[in-house]
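Labels A, B, C and D are assigned to the chains in the order they are written; within every chain, residues are numbered from 1.
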Amino acid sequence: MAVAEPIIPNDQDTGQSELAHRLARTWRQSGGFWGWFSNTHHTDIGIRFMVTAFIFFLLAGILAAMMRLQLIRPENSLMGPDLYNQIFTMHGSTMIFLFAVPMMFQGFGVYVVPLMCGARNIAFPRLNAFSYYLYVGGALVLWGGLLTNTGPDVGWFAYVPLSGPAYSPGHRADIWSQMITFTEVSALGVAICLATTILRHRAPGMTLNRMPILLWEKLVISMMVIFAMPAVMIASGLLLLDRLVGTHFFNPAEGGDVLLYQHLFWFFGHPEVYIIFLPGAAIISTLVECFSRRRIFGYTPIVVSVVATGFVGFSVWVHHMFATGLPQLSESFFTAASLMIVIPTGVQFFCWVATIWNGRLQLRLPMLWAFGFFFVFLIGGLSGVMLASVPLDLQVHDTYFVVAHFHYVLIGGALFPMFAGIYFWFPKMTGRIADETLGKWHFWLFFIGFNITFFTLHFLGLRGMPRRVYTYSPDMHWHRLNLLASSGVIFMTAGLLVFLANMLRSRKSGEIAGNNPWGDAGLEWSVSSPPPAYNFLHIPTVSGRDPLWEDPPDQPIVVGLRDDIRETLVTHSLDADPQYKEEDPGPSIWPFLAALTVSATFVGSIFTPWAVPIGAPPVIVTLLGWLWPRGHSPAPRLAGEL
Amino acid sequence: MSTFDPPVPRPMTLDVSGLPSVAFGHRNTTWLANVFYMAIEGMMFAMMFATYFYLRTRSTNWPPGHLPPALRYGIANAVVFLVSVIPARWVAKRAPSGDRGAIRKGLLILALFALIATAIRVFEFTTLNCRWTDDAYSSTIWVLIGMHSGHLITELIETLVLFVMSFTSKMEGTRLADAAINSDYWYFVVVTGLMIDVLIYGTTRFL
Amino acid sequence: MRRCIQFGFLFTIALLLASCKREDRTLRQPPPADETVNTIQISGLNPGANSISTPPNSNMYQESAYAVSEGQKLFEQYNCVGCHAHGGGGIGPPLMDRNWIYGSEPGNIFATIMQGRPNGMPSFRNRIPEYQAWELAAYVRSLAGLLPKGVSPNRPDEMNVKPAESSTPEQTPTGITGQPEDKK
Amino acid sequence: MKLLELSFIPARLVIQAMPLNPGSHLVLHAGAPQGRNIEWLYWSIFWVLVAVFVLMIAAFTRAGARSHVSAWKPLPIIENDEADRRAAWAVWSAVGVTVITLFVILVISVVTGKRVEGLTSKNPVTVQITGHQWWWEVTYPNSQADQTITTANEIHIPINTRVVVLTNSADVIHSFWAPSITGKRDLLPGYSSAFWFEVDKAGIYHGQCAEFCGLQHAHMGFSVIAEPVDKFDAWKRQQLKPASDPSDAEASRGRDVFLTHACLMCHTIRGTDAGSRFGPDLTHVASRNMIAAETLPNTAGALGGWIVDPQRIKPGTKMTPNALAPDDLQALIVYLRSLE
C-alpha cells in the first residue's frame, strides 16, 4: 500500500484524496437492479430497515384509525367482528413485530452502531442484509394474508386454545406464527451482527468504560434479543406444530396445557417491551448529552441501570398472567420484581434531569421530541406501577386502561424517541437538516392528538370497557369517551402528514448539514454527511467517552489497513486493543437469494410439511453460494502467521 | 462546516499493518458469533426442556400410557457422541497449522461420526414407543429429538462442506478458523444430544 | 427503484388472484334457495352410485375452512358420534371409508341428513337449518379425505381417537356396488 | 361571552361522559367490600403517583428553564464539577425516595391483595361458572342432582354471604369480570379453579368477558343479581321447579313449536323432551332480565328478533336463525315468556 502520501484525518475527508478514491473503489457497492439487492453496507441496510418499518407503521396506523372509526359510536355497523378481529390483530402484530423492533433495534442499530464504533462496516454484513430481506418476507406474508382475507384474527399474542387448530380453522393463525419465525430470525441475525460489532469492531482506545451509552444499550438489547426471542419461536413453533401436524402441546384433553403457551410467550413478551424501550432510552441519553452541551451526568449509574433492566426484565413476565389465578406467593414475587424494574428507569430519568439542570439546554427539534418522551413515557411508567399491583391489575387487566398504559409506554418509549432520533440523524443520513418549523408543527399536532386519544382510554378502562370488543352497547355510556378518543386521530394524522412532507422536502432542499451540525460527541459526526462507503478514511482511535469533545487535536488515527481489499480492524472485547485484520465479505446477491428460498420454505410449510424437505436443498445451495469463499486471490499471509 | 477549532493535522498514527489477518479461538469474530448462535439454540433447547418438565407436572403417570423409549439406540448414540469428541478436538488443534491433509482426515472422521449418529437417529425414531399425535408427552419427545436431529444434520452438512473445501486452495486463512469453530459447534451438538438422551431415556424411567 | 415498485404491484395482484374461499366466514347465512331443496326432495331415496347434483351455493361450505370446522363441532353436538363414532362407524355405517351407500356428493349427504335413511338414520328436516346440514355434509366429506387439505380440520382439543381429517388420505368413493361413482 | 361558553364544552363533555351509576360496571364505584378495598388501593397509589408525576414534570421544567439558552449554533461544552456533586446528592436522594415509595406501594398492594383474596367461609354459596363461546353457564351444584340449579348469564346471590365461584371453560379462555365487585379471573380450559367474593349492597352488577374469545367477545356479558337472603331463597325454590305447563292454547302451541323445530337441538327445558345442554337452559328463561348474554332486554320483541335472526345481532353466534311462520313465532314467544 502507498504510505507516502500525507495522512488526512477523518474530519477533513472531502473524498478528494487519492486514498479516498482507492477506498471508494474498493468499498463500492455494485449498482443497477441486482446491485440494489446485493448491497451489504450497513448505512444502506439501516436506512432500508427504517423506511420499511416506517411504511408498516403507517399501514398499522391506518388500521388503528379504522378501529377508532368503528368505535366512534355504539353498535356501529362499519365493520363486523370478523374484519375487526383481523384488524386489531394486524395492528398489534405489525406495530410490535414489523415496526417497533425493526425500527428501534434493527434500523437505528444497524445505521448508527458501526459509525459510533468507528468501524468500516457492520460485522457479518451479509447476515445483516439477509436479516433485512427475511424481515421484509415476514412483513409481506402477514400483509399478504390480510389482503387475501387470511389476516390473523386471534390477537397479537394469539393465546391458545383460541389460536389452536380447534378454534381457528384455515391458515390465519398459521400466517401469524410463521410471521413470528421470519421477524425473530431477522432480529436474532441483527443481534449477532450488532453484538459482534460492538464487542469486536470498536475503534482502538474505546474500552468498555468509554463506550457511548447508546452502544451499551444496543449491546444489552442484543443480549436480550438473543435470550428472549427463542422463547417466542418455541411458542409459535409449538403452536404451528399443534395446528399443522397434530401435536398436543396445548390440548388439555391429552396432557397439554394452555398456560404453557402464555409462559413461553411472556417470557419473551416482557423483555420485548424493554427491547423496544431501551433503544429509545439510548437515543434520549445521546440527545440529552448533546443538547445540554455537557457530558452526560451519571454515566456509570445509567449503564448499570441498563444492564440491570436487561436482567430484571426477564423476571417479570408473570405480571401479564395475574388473572389466571396463580399462587399468592408467586404473585407477590412478581409484583416485587415488576416494581423493582422501576428503579433503573428512575435512575435514568434522574440522571437526565441532572444533565439538563447543570447544562446549557439548546431546545433544538430533536430535544423537543425528547421532552415529549419525558412527559408521555412518565405517564406510561407510572400507570405501569399500578399494573404491577396484583389487585389493581386484576381490575384493569385486558381493559382500555391497559391499552392506554402500553400506548403511553410504547409510543412514549419508542415513537417519540424515534422521531427525535430521525430528526437527529437525518442530517447524517441525507446531508441536510430537517425543517425545524414543520418539525414543531409535527410535534405539537402529534403530541396533542396522542394525549387526547390515549389519555381518554384510561377512563374507558376504569369504566369497565374491555379491550378487543368490536362494538359496545349504548347502555354502557362509553360512547362519548370513545368519540373523544377517536377525535385525537385527526391531529395525529395531520402531524404524520406534516412529518412526511418535511422529510420529502428537507431531503431535497433542507439546510446543508456539514459533518457535525449539532456539535455532538459521537464518532459518526466526524465523517462527512452522508458517510462515504468506507465510513472512515482512517479508523479513528479514542481516548475518552465523548471522542469529538475531549480527544486532543493530535489524537492518533489508524494506518496500515489495506485499501485494495475491504480490510477491517478487529479489536479486543474489553480494552479495544487491535487484535487482527479481517476482511469484509463485500456485496453479494446470495443473502437475498437465501432469504427468498428460506421465505418460500417457511410459507410453503404452512400448506404442506413437504415444503421442508423440498425447500431444504435450495436453502442449502443459496447458503453455500453465500459462504463459499471466492473473488480475489488469497491475501498473502504474513510470515509466521500460520 | 465547523463552528469549532480549525482543523489540526494529526501526525500521530497507530500502524496496524503488522497485525495478522486471521485469528483462532476466542479472538475470532466468527467464534463470537458462533457463541451467540449457540446461546440462541441453547435457549431454544432450554425452553423445550422447560416445556417437558412443565408438562410432566400436568400428568400423573409418566410416560402417560406408553412404554418408555427403548434404550439400545439411545445408548449407542450417546457412545458415538462421546467418542466423536476426539476427532473434533483433533481438527480444532490441527486447524491453525494449516495442514490441509490432517484437517481433511479429521473432518472426514468427524463427518463419519455425524453420519453414523444420524443413521442411528433414524432407528431411534422407530423405538420411541409413541407417535407425536398420541399426546403431549409424545409430542414433546418427538420435538426434542427432532430439534436435535435438525442440528445434527446441519452439522453434518457443514462438516462435509468444510471437508470438500479442504481439497481446494480455499482452505486457508479464516477458513481454517472456521474448521476449528465447526468443532465448537460439534461439542454443542454432543452436549445437547446427551442432555436429550438423559431426558428421553432417563427421566421417562425415573421421573 | 421503479422496478421494485412494479414488482411489488405484480406481487400484490398475484396474491389477490390467489386468494381463495378457504378463509371465508359467512356468518349470516343466505336464505335457503327453495328450488334446490325441492330438487333434492324429488330425487328421494336414492341408493347406489347415483350422485345428486349439488346446488352451486353449497360450494361455499365445501370451500370454507370455517364452515367445515363448524360442521365438525355440530357433528359432536348433534350426537352424530353416537352412531357413527368419530367416523369409524358403530350403530351407523363408518364415514371414513370409501363406501358411500347413498353417494358421496355434498348433495347426496345433504339429502341423507335432511330426509333420513332406512335402518336408523333419522331425518333432521326442521330440526337443523339447511346451512348446518351443508356444513355437516362438508365435514363428513372431510372425514373421508374428500376435501382439500387446507380446508379439512386439524386435530380438535379432545382425546386423540383418530388421525385428524386433514391427514386422512383421499379415497375414491364407491357405491355399494364397489364401482366408482359416476359424477354428474 | 361566546368564547367562555365554548370553553365549557370540553368540561361538560367529560362530566356527561361519566354519569355516575354506582354499582353497575365501574371499577371506581364498587358495591362490594373487595371492590372497595381495591378502590382504596387505587386512590392511594393514584395520589402517590400524581405527586411523583408533578415532581418529575416540575424537575424537568425547572431544569429546562434554568439552563435554557436560545443560541442556535452548537455551544462549546461546559463542565461544572461542583454542580455535579450537588446533583449527585439530589439524584441519590431521589433514588432513595423512589425505593421507599415503591416499597410502600408493594406493602399496601400485598396487604390489599391478601384482604381481597383471603375471603373464605365454611358455609358459602357455591356457584359453578362455565364459559362458553359466547355465554356463561351458571350452575348451583348440589350433591343431589334434583337440587342442582342450572341457569345462564344471570347469577343470583344473597347479600352478605360469601360466594365461592368454581370456574371452568368449555372451549377457549374466557375471563369473568364484574368490575363493581372484584377483579377478574380467567376461565381456563383444563383448569378448575375457585375464587371468592361477597356483595353487601343489593343490586344488579354488570360483568363482561375480559379475555378475547373469538367473534362475539364483545357480546359476552353477564350480571350478578345480589338480593336479600329471603328473595334469593324464593328465587332458588322457583328455579328448582320444572318448567310450568302451558296455561293456554297459544302457549301450548308454542311448546309444540319448540319441540318440533331446531330449538330442542340445543336447549333444555326441564319437564319437556328438550334436554340438550349445548345452549343455555331455558327452563326459567322468563325470569331473566336479559337474553343473549346480556345483549338484549328480555322483551317479546327482542326475543322474537333474536329467534328469527340472531346472526344480525351477534354475527357468529352459535344460535341458528329460525324462519318460523309468524303464528308459530308468536306462539313460541308466548310460551317462552310463560317460563317464569
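Rule of thumb we're sticking to: contacts are C-beta pairs under 8 Å (C-beta built on N, C-alpha and C of every residue); 3 or more make two chains touch, one makes a residue touch a chain.
Keep in mind the model is a prediction, meaning the values are calculated, not measured.
Participant: Suppose chain centres are the mean of their C-alpha atoms. Which chain sits farthest from chain D?
Facilitator: Max centre-to-centre separation from chain D belongs to B.
Participant: I'd like the most central chain, judged by C-alpha centroids against the all-protein C-alpha centroid.
Facilitator: Chain nearest the overall C-alpha centroid, as shown: A.
Participant: So how far apart, in whole Å, are chain B and chain C when each is placed at the average of its C-alpha atoms?
Facilitator: Those two chain centres are 47 Å apart.
Participant: Centroid of chain A to centroid of chain D, CA atoms only: how many Å?
Facilitator: 37
Participant: Between chain B and chain D, what's the gap in Å when you average each chain's C-alpha atoms?
Facilitator: From the centre of chain B to the centre of chain D is 51 Å.
Participant: Distance-wise, how many Å sit between the C-alpha centres of chain A and chain B, to the nearest whole number?
Facilitator: 29
Participant: Would you pick out the residues of chain D that each touch at least 2 other chains?
Facilitator: 73-74, 171, 189, 215, 315-316
Participant: For chain A, which residues are shared contacts with two or more other chains?
Facilitator: If we look for residues of chain A contacting two or more partner chains, we find 80-82, 161, 166-167, 242, 245-246, 248, 251-254, 256-257, 516-517, 519.
Participant: Quick check on chain B: which residues sit in contact with 2+ other chains?
Facilitator: 3, 133-135
Participant: Going by the contact rule at the top, pick out the chain C residues touching chain A in the complex.
Facilitator: Touch list, chain C to chain A: 1, 3-4, 11-12, 15-16, 18-20, 22-25, 27, 64-66, 68-69, 149-151, 153-160, 163-164, 167.
Participant: Note which residues of chain B are touching chain A in the complex, please.
Facilitator: Listed in rising order, the residues are 1-5, 7-23, 27, 29, 32-33, 36-37, 39-41, 43-44, 46-48, 51, 54-55, 58-59, 64, 96-98, 132-140, 142-143, 157, 161, 165, 169-170, 172-176.
Participant: Per the contact definition, I'd like the list of chain A residues that touch chain C in the complex.
Facilitator: 33, 36, 80-82, 140, 144, 147-150, 161, 164-167, 169-172, 242-246, 248, 251-254, 607-608
Participant: Under the stated contact criterion, what part of chain D meets chain C in this complex?
Facilitator: Spelled out, the residues of chain D in touch with chain C are 171, 189, 215, 260-262, 264-266, 276, 278, 309, 311-312, 315-316, 320-323.
Participant: Flag every residue of chain A that touches chain D in the complex, lowest number first.
Facilitator: Listed in rising order, the residues of chain A that touch chain D are 80-82, 85, 154-155, 159, 161-162, 166-167, 252-253, 256-259, 292-295, 297-298, 301, 323-325, 328, 331-332, 335-336, 339-340, 342-343, 346-347, 349-351, 353-354, 356-363, 371, 374-375, 378-379, 382-383, 385-386, 388-399, 459, 461-464, 466-473, 476-477, 480-481, 484, 516-519, 546, 549.
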